[in-house]
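Scrolling down, you'll hit the structures one after another.
Two complexes come next, and they have one chain in common, subunit A, joined by subunit B in the first and subunit C in the second.
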Partner chain A sequence: MSAAAPAPPRGSAPRRAAGGGRVLPFPVTGQELVLVGVVAVLWVVLGLATPAFLSSGSIVPLLVATAPIALIGIGVTVVIISGGIDVSVGSIVLVCAAVAATAMTASGLPLVPVLLLSVAVGGLLGLVNGVLVAYGRVHAIIITFGTLNIFRFVGLQVFGGSTIDGIPPVLAVFGRGEAGRTLGVPHSFLLVAVVAALAWVALRHTAGGRHYYAIGGDAQAARLAGIAVRPRVLLAYVLTGLLTGLAACFVIAQGTSTLAPNVGLGLELSAIAAVVIGGTSITGGRGSVLGTVLGALLVQTVASGIIQLGWPSQLSSLFIGVFIIVAVGVDLLRQRRRRSA
Partner chain B sequence: MSTSTQHGESGARAPGRPEGRGPSRGGGLARVGSTVLRAVLTQRVLLLVVLLVLVLGFFLNLSARNYLAAPFDGRYLGLALINLPPLVMLALAELLVITSGRGGIDLSVGAIVSLTGMVFGLAHGQWGWPLVPAVLLAAAFGALCGAVNGGLVAYLGFPPLITTLATYYAFSSLAIVITSQQPISTAPIQDLYVLARAVPVVGDVALPLSLLVFLLPTVVVVWLLLARTAWGRRVYAIGTNDVAAEWSGIDVRRTRFLAFTAAGLISGLVAVVTTAQFASARPDAGTAGNGLALPAITIAVLGGVAITGGIGRVSGVVLAALLVVWLNAGILLAVAGNTGTQLQLLALGAVLVAAALLNGLAVRRYGAVT
Partner chain C sequence: MKRHVSTAAVLAALALGVSACGTGSGGSAPAGDGGASGSSGGGGGDVPSVAFVPKLQGVPYFEAMNTGGQAACEEIGCEWLYQGPVEADAAAQSDVVRSFVQQGVDALVVAPNDPDSISPLLQQAADAGIAVATSDTDAPDSVRQVFVEQASTQGIGEGLTDALMEAMGGSGKYAIVSCGETAQNLNSWIEVQRSYTAEAYPDAEIVDVVYAGEDQARATQLATDLMNANPDLTGLVGECTSSAPGVAQAVRDAGRTGEVFTVGLGTPQAMLPYLEDGSSSAAILWDVEALGYLTAYAGTQLAAGEGFDDLSAVTDTYPDVTYDDATKTLLLGPPLRITADNAGDYDY
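On to the complex of A and B.
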């Protein structure tokens, strides 16, 4: 609906900036506009079907639940734009959550050190991925499938075989409750918005950001053009690890005072789904973090809407699957038209 | 845990290292040594055989010195193979799909197992279909699921990773919704457990029946298909370079479509195997935990299937699965409790990364690798 309304100007693709003659794509992609429309339509329809949906008691938990997937998705977007993939993020969440929860329960660590600890652990695991992918000359999916298992082992070892109980509400600032919002806006989502804005600017307007598109388009050509491909790629995985470490804190904050060892399981697929629904090309070289956040919002809207409608909650996976197919199909059609035009 | 690694180091050196391979024995032996090294690094099957010998030797050595909870003998090795059929069959499905190239991969095999398992459970357990038609139905339904993937990927040009991620979601959701989360374990389904029972083969070594009835035929058929039919050669051709294949008159789309369909068919048969093993058709049979797809892809890659397509052998996949299954079985005996099952994850991940890195090294040093 709103996809048609703002009507992007004809021939919107390349716009020349005044000074350096740089060519930049239009700030908002078609896919993002479509997503805004789809989410808006869904919210209206769900609001009409179940009046409780559009109340803040329903929207706030929705935004809070979107936050970790969106945050991880931002990192994965950068990785996928650079032509790689990271399927180990679910296990990184497990390790970070286990370490953070243990630190809070066992040694009573306060908020800021917990956040730093979790982010640092995430960054370290991301560094492992990054070094192996960038310098090992092995396809990213193989490396991250391997580290998925290795990190899972590490996380389960930290867990020590059972759940972690009695986690103090240190992280409540990122939770669902009253402590988790200012003026009704959840802090976790606010943080996601800030990170997304920073990532958007960095990817679009800094040389380093443009390098990721170049690497994803053609790594060989990027190298010959003087881009330090390996450090760049390494950085993408470290970034994903750092963001995943932060997301792990969100996950703890959303849960109860008990953390089960299945935390983070399958999160990598949700994150990749959000990225792809957001219009990022899985083959690299094209994509945006705004789309990813919208994709995560769409996925979570569907999940929460289905629960509110009283349908079996597992049905949401079916819709996510259909959305992925539709998103990719629309993208393929658009590419085909661009090529023939 | 720390003690077991110590044993690991002392034990690993003992077996499988024949004396007199050192460089001190003169030029001839050095040349032989470098030839052997080259062969082991460039031939994945050889590397796997060496690893398999090392793993078996290591655990047999521990077993002989009474470090293990139970003897690591032929009988135990045979019984451990109960885990082999789903792993090898799904890895063969991945072999077909990955080898067909263009980023080919199938994340949905586990979900196909879940969904087909429920369909099979309904047919055999509730509608009262006899076994053989029900198994045929499972195969056909699995092939249908695979054909959905294949149609999207081959004919509509969807990227395989995303397509199968989407169908993974769709199939696993349908599998759970179809009976509203209820597993089917009526009498006919429970009777299937006989497939998971071991039948004596040689001496006191017994093999699970499903290995003989499902796995062996699948291995033979996939090998025949890939190595002895024109379609198999076409799969390698399109996986190596699908533009060149197109120009040489190969129907690239049809070949790739059939690869995905065959992968679905195999997954459908795996559904029967897992249903028999659990004595119950479970809606999460192929998707619980990490699911069945990730281990299958891991085994395939470990077995030397190139993720970029065009390279991959049935023998490598079978050996890789044997390596992982027996390594896991040994770890369970060596390390008690939860740590044992968790160490299996570490072993799987470490072996995969190490093999992949070694592969990269071999490519740089020797050029092509098979």
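On to the complex of A and C.
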């Protein structure tokens, strides 16, 4: 394994900017282009094969359903690039959604404070993960598997063995209904696009962002190169917590006026699936948030497409499984090719 | 090569973590409110211990059964133990059942997520001298001594169909959003809905049946997809307590209240907002607390080695209870139809 430089980890030939000697990967990776192509082809085919796939009544709910997975996936992408993983996000959704729903129902909290509350709770839980992973010297999957169970316990205490009924439609601005869109564009997905764009710029064009690739490539080398590894890693988990807190509000918005204690269950798997399908290497060092958003979009497109074609709903599990294995296989091939090159 | 090994290791760890999530959450279920099980220990008190394992705990439906079971045990004298997995997962549920068998309770009543995988466990329990029964959902090919049924399969299937047909005017296309694919009770209701629709409403047609698990957001998205797939769809059925409000929410969000009608098996409090704005026409259910009451009664009778020839202990409180010896079924009575007018009468 090559050592020191926090260099571009992408497979394809790096581009050297004229003067500064900065080395950057291509703006869009091969996997992202493939995903754009696959999603585009699927949308066209489904548009032709079904009565209403490309109508706004279908595309808007599809984008709304994609939003929370994509948003959480953006955070998880940064974590995975840094060589870690966060499997506790589903439980963070549970805690944040429970707190937010209770605040709206019991105290009549309006929109902005609810969002701030949920994001703050998410950030706090992310901080717990971050401190334990960055300073605990135990692999992130163990730490976050532990916090998955602990956070779930905390969330279930908020529920108190019941559901939260009669949630007022405060968060309808992020729902799939009329209140959830402006000029036909769903607010939740718009926010995802903004966050993804910011994360893309930060990961690609700031030193701090590049550091994540270096840490994921070889943490020891990164430390020797003068990167403050622990604070960086800590920040990735806090960021994931904050985004997951916001995603919890999206989840409430697309559910019913009752919140059940199984909210968020298994969401970490959907998020990790989106990340992996998006081309991020599960072993760290390589990846992109655009790929993750596209991965989430592909998964939801397949799930909706199968129903709209009238096929058995179980088929979506099959397709998602195939996508994951193909994506990981392509990643392994790429690594092998780079090493032998 | 080293990198390959580590990749495989991480993926394996991930898979392990994932599968552990399923069972782990069941095993760690004391986190919930099932603390009662701690006291059972030897179960050597002078009253029989009746353990009830719901499909999952923490949802209003099974919590209401828990309330009814506790009330029954206070009245008729039994120790009520209530514990289930935190998700409707057969493996996680099996862990809870196993722990009750090890505790040596007197009677074990299960609402199985998967009848096939629960049967051998019920056999184990029976071998250990525990009285076994099913409630809410049956495991017909098991050794269970009685099935406590909320309402007849026929009654629920026809009740759902009649309520929907009333709203749809007796004709049109509709679809069903069900939950667990292996849930015996849901599947048998769907069978009745199919045959009763074909027979009583020849102008109506079921175009699709899809499965959302116990996930509200997924039920809502599936209902949205179904409306898009079938532009002439005028009805949706939510087959369980998470999909009943889910399909109503989908109709409300699509702005099609009054064009697409929904009914479902929903709990009154969760359905109230949808019944009020018309996105749901009716919910079909039964008195869930009464079902819990009857469950505790059945367990107590079996633990004492008694049969169900004399039902006077329950018919004072619930007069519609009947017992069918041929199918070994204890039936609560006809289903309730819940509308905007009476939903407020129930506090679950």
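Basically, the second predicted complex is superposed on the first by the 320 of 341 C-alpha atoms of A that agree within 3 Å, B and C clash if a C-alpha of one lies under 4 Å from a C-alpha of the other, contacts with A are read in each partner's own complex, and residues count from 1 in each chain.
Methods note: a contact is a pair of C-beta atoms (placed from the backbone, for glycine too) under 8 Å apart; a residue touches a chain by one contact, two chains touch by 3 or more.
The shown structure was predicted, so the numbers you read here are calculated from the model rather than taken from an experiment.
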Response to the item:
So, after the overlay on subunit A, do subunit B and subunit C clash or fit? They clash
Worksheet entry | Contacts of A:Ala274 with subunit B and subunit C, given as first, second, both or neither | neither
Discussion item. Which partner chains sit in contact with A:Phe153 here, subunit B, subunit C, both or neither? Use first/second/both/neither.
Written reply: both
Worksheet item: With the two structures laid over each other on chain A, which partner does A:Phe145 touch: subunit B (first), subunit C (second), both, or neither?
Response: both
Item to complete: May I ask you to decide whether A:Leu318 touches subunit B, subunit C, both, or neither, giving the answer as first, second, both or neither?
Response: first
Discussion item. According to the stated criteria, A:Val229 is in contact with first (subunit B), second (subunit C), both, or neither; which is it?
Written reply: neither
Practice prompt. May I ask you to decide whether A:Leu294 touches subunit B, subunit C, both, or neither, giving the answer as first, second, both or neither?
Written response: neither
Worksheet item: After superposition on the shared chain, which partner residues are touched by A:Ile215: those of subunit B (first), subunit C (second), both, or neither?
Response: neither
Practice prompt. Look at A:Leu239 in the shared chain and tell me whether it touches subunit B only, subunit C only, both, or neither; answer first, second, both or neither.
Written response: neither
Discussion item. If we overlay the two complexes on their shared chain A, which of subunit B and subunit C does A:Ile282 touch? Say first, second, both or neither.
Written reply: both
Worksheet item: Among the partners subunit B and subunit C, which is in contact with a greater number of residues of subunit A?
Response: C
Worksheet item: Which of the stretches 8-16, 62-70 or 188-196 of subunit C runs into subunit B once the two complexes are superposed on chain A?
Response: 8-16
Worksheet, complete the sentence: So the subunit A residues that subunit B and subunit C both touch are 85, 87, 139, 141, 145, 148-149, 152-153, 156, 161, 262, 265, 269, 272, 282-283, 314, 328, 332
Discussion item. Touching residues of subunit B toward subunit A in the complex: what are they?
Written reply: 103, 105, 107, 152, 156-159, 161-163, 165-174, 176-177, 180-181, 289-290, 294, 297-298, 301, 307-308, 337-339, 342-343, 345-346, 348-350, 352-353, 356-357, 359-360, 363-364
Worksheet item: Quick one: in the complex, what on subunit A touches subunit C?
Response: 1, 50-53, 55, 57-58, 61, 65, 85, 87, 139, 141, 145, 148-149, 152-153, 156, 159-163, 165-166, 175-178, 180, 251, 254-258, 260-263, 265-266, 269, 272, 282-283, 303-304, 307-310, 313-314, 328, 332, 335, 339
Practice prompt. Note which residues of subunit A are touching subunit B in the complex, please.
Written response: 85, 87, 132, 136-139, 141-143, 145-153, 156-157, 161, 262, 265, 269, 272-273, 276, 282-283, 312, 314-318, 320-322, 324-325, 328-329, 332
Worksheet item: In the complex formed with subunit A, which residues of subunit C make contact?
Response: 2-4, 6-7, 10-11, 13-14, 17-18, 20-21, 24-25, 28, 31-33, 56-60, 63, 86-88, 181, 207-208, 210-212, 214-217, 220-222, 224-231, 242, 245-246, 248-249, 252-255, 269-270, 272-274
